[in-house]
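Each chain carries a letter (A, B and C) given by its place in the written order, and its residues are counted from 1.
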Amino acid sequence: MTRERVLYLMGGISAIWLVRNLYVMLLALPDEVEQGAIYRILFFHVPSWFTCFTGFFLAAVASGLYLKTKNSLWDTLAVASVEVGVAFTLVGLATGSIWARIIWGIWWTWDARLTWALITCLVYMGYLMLRGAFDDPTSRAKNAAVLCIFAFTSVVITFKAIDWWRTQHPGAVLSIRTGGGRIDPAMEQMIYQNWPALMLLAAVLVAIRMRQETMQRELEALRRRTHAF
Amino acid sequence: MKLLREVCVVAGKDLRSEFRTKECLNAALSFAIVILVLFSFAVDPSSEQIREMSGGLLWLAFAFAGALILNQSFARELPNDCLDALVASPVSAAALFLGKAAANWLLLMIVELVCLPVFGVLYNMSWLGQWPLLLLVFLLASWGVTVIGTMFSALTVNLRLRELMLPTLIYPMMIPALMAAMQLTTVLIATSGVPPEDWIWVRLLVGFDIIFTSLAIALAEVVLLG
Amino acid sequence: MTAVQANNLWKYYGDYPALRQISFQLETGQCLALLGRNGAGKTTLLRILAGLSRPQQGILRVLGRESRDPNSRASIGILGHGIALYEELSALENLKLFASLYGVADPEDRARRWLERTGLDTVSDSLVREFSRGMRQRLAIARAFLHEPVLLLLDEPFTSLDDRAIKLLQGLLGEALARRSTVILSTHQLREAMELSTHVALLHRGQLTFYGERPAEMLSDPTWLYRTHGES
């Protein structure tokens, strides 16, 4: 019961926070000099990718811990993080695509960053597909965990793609990576404010998915018990 | 030393039973050649353009044919529950994995080395100019493809849909190796030497091989044990 | 010396416990018959003992070592549901392969001796896929015994064996027990098992409901244990 209240509270905070952020970015901040109004999509684009990378990182760590401890809680965390991560990947791809349509005039280009983002998305969809193919929960958890650890390499490549290849995708903008000067502080501030709001939303979603997954596992066990003899 | 001997025993077993029937090898070879022929309809086979696509064409064919070999790798242990006997034996899981990967590697190399001259004849292209480097690229890239593929073959072996599942899972994972292989093969066939800026692809291949081989060795025991 | 010591083993499939609180201790030279219905957990327990699967909880020591220790695995012989032989290899190649995997000094010589022993020396170069059912079974028995294991794990070994193979297996098990090897077998064929076994365990829904020396009653009335300790 208290757990549920905490979730409602977190969800509420993230909703209010997002509305407030929308207000600031749409009404308070001015248009950007070169890009005009569309640059605001950046405030969702960048934090979405950070959120999904965080989710995939969490999933890789949880998978490692699952293989070490064989405690199915970690498996539950891994699958929930991947699912939410994939959702945010799709948000990232969609926002990026809309931005590209306005600025570059095309929906998609085969540039290293974009390509790797798409590959990452496919790899994690493969993870979800692999899970669906197993009947036995233990081998499902084990094999999915191994895949999840392998899959994280593509996240690392996506993240580093703008440094390794000359890409059409804009380079790093945040001052922690560039040392400052690439972005107006007020705008950078907005990215940092929208990220925790999205993270909070992601955390709520992960918690809800984890509970569903736990129930699913209990159901499977009960079904097995009734059919076993 | 013991590890090497065990790897050889396991690889030798796989190769011996494969060469006895040649089922998998024949299928993979004919498949690869069919794909190479199909390409002649997709692009103008007599144009100069094909030279600049040679790496891509070859490695797509190898990747498709490789999936057939990799599918069979652990599937051949299924009849009679042979995998249980292997895992229960004192051989370490890492040796088992490396042995099976080595066998797949050799089979894939055979397919590649047969397809390359066929490709050269069909598309009127000479590839002998820099064969030592080309061989090195083939060896490195094939190992990368094999190590990922063998791992995923073990992960999917008990699934009903493993023939569909394996290619869907491995191709996205293999992209760095395939990308590098395509790039380098094209450069080696189409031009006279590797330009300095393309050595990064060799580094990528070596890095890919090292990272995934270590991951696979570290996780082999977990994957093979129930 | 203790051959197998299991302490509070649990094995789950998802949240479903396939084995619960399994504790027992088996000394060398003893023969344990593992009884129970289909699905009671016999195969799961044998797979754990063979090192093919890990329990989620509990401590298991096999031949004085951890269960996945390569040295203990080298001294275990397993005979499972499948014959674990490669169809495309010859009888000799199969045995040589397993002799090398188990680190036997002269695999070729060892393989040939076991082919003779099992009456397959005349067909040593034929492929397993050409073998009759009975020949495959005898070759599987040779595969399980050729590295002279001191702990034998047999899953329903007598099921569907022909007369000749049953005789061979009984002979080998008798010899092994005389050498003070340890045998654990799961079985439905109670009569064959009761003659060999010194101990009996009854698994019911993943739990040991009986463990102890074989009751004398079971020689004349093999179903005695089921009636007294299991649900009907």
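Just so we're on the same page, contacts are C-beta pairs under 8 Å (C-beta built on N, C-alpha and C of every residue); 3 or more make two chains touch, one makes a residue touch a chain.
Computed from a prediction, not measured in an experiment: that's the story for all the values here.
Comparing chain C-alpha centroids with the centroid of the full set of protein C-alpha atoms picks out B as the closest.
Of the two chain pairs examined here, A-C and B-C, the one linked by more C-beta pairs in contact is B-C.
Averaged C-alpha coordinates give centres for chain A and chain B that are 32 Å from one another. Once the centre of each chain is set as its mean CA position, chain A and chain C turn out to be 49 Å apart. Averaged Cα coordinates give chain B a centre that lies 38 Å from the centre of chain C.
In chain C, the residues that touch at least two other chains are 54.
Each of residues 138 in chain A touches at least two other chains. Residue numbers of chain B whose C-beta contacts span two or more other chains: 226. By the touch criterion stated above, chain B contacts chain A in their complex at residues 148, 151-152, 155-156, 158-161, 165, 168-169, 172-173, 175-176, 211-212, 215, 219, 222-223, 226.
By the touch criterion stated above, chain C contacts chain A in their complex at residues 12-16, 37, 39, 54, 56, 205. Residue ranges on chain A touching chain B, taken from their complex, read 67, 119, 122-123, 126, 129-130, 133-134, 138-139, 142-143, 146-147, 149-151, 153-154, 157.
Against chain C, the residues of chain A that register as touching in their complex are 70, 72, 136-138, 217-218, 220-221, 224-225, 228-229. For chain B in complex with chain C, the touching residues are 6, 9-10, 13, 16-17, 20-21, 79-82, 84-92, 225-226.
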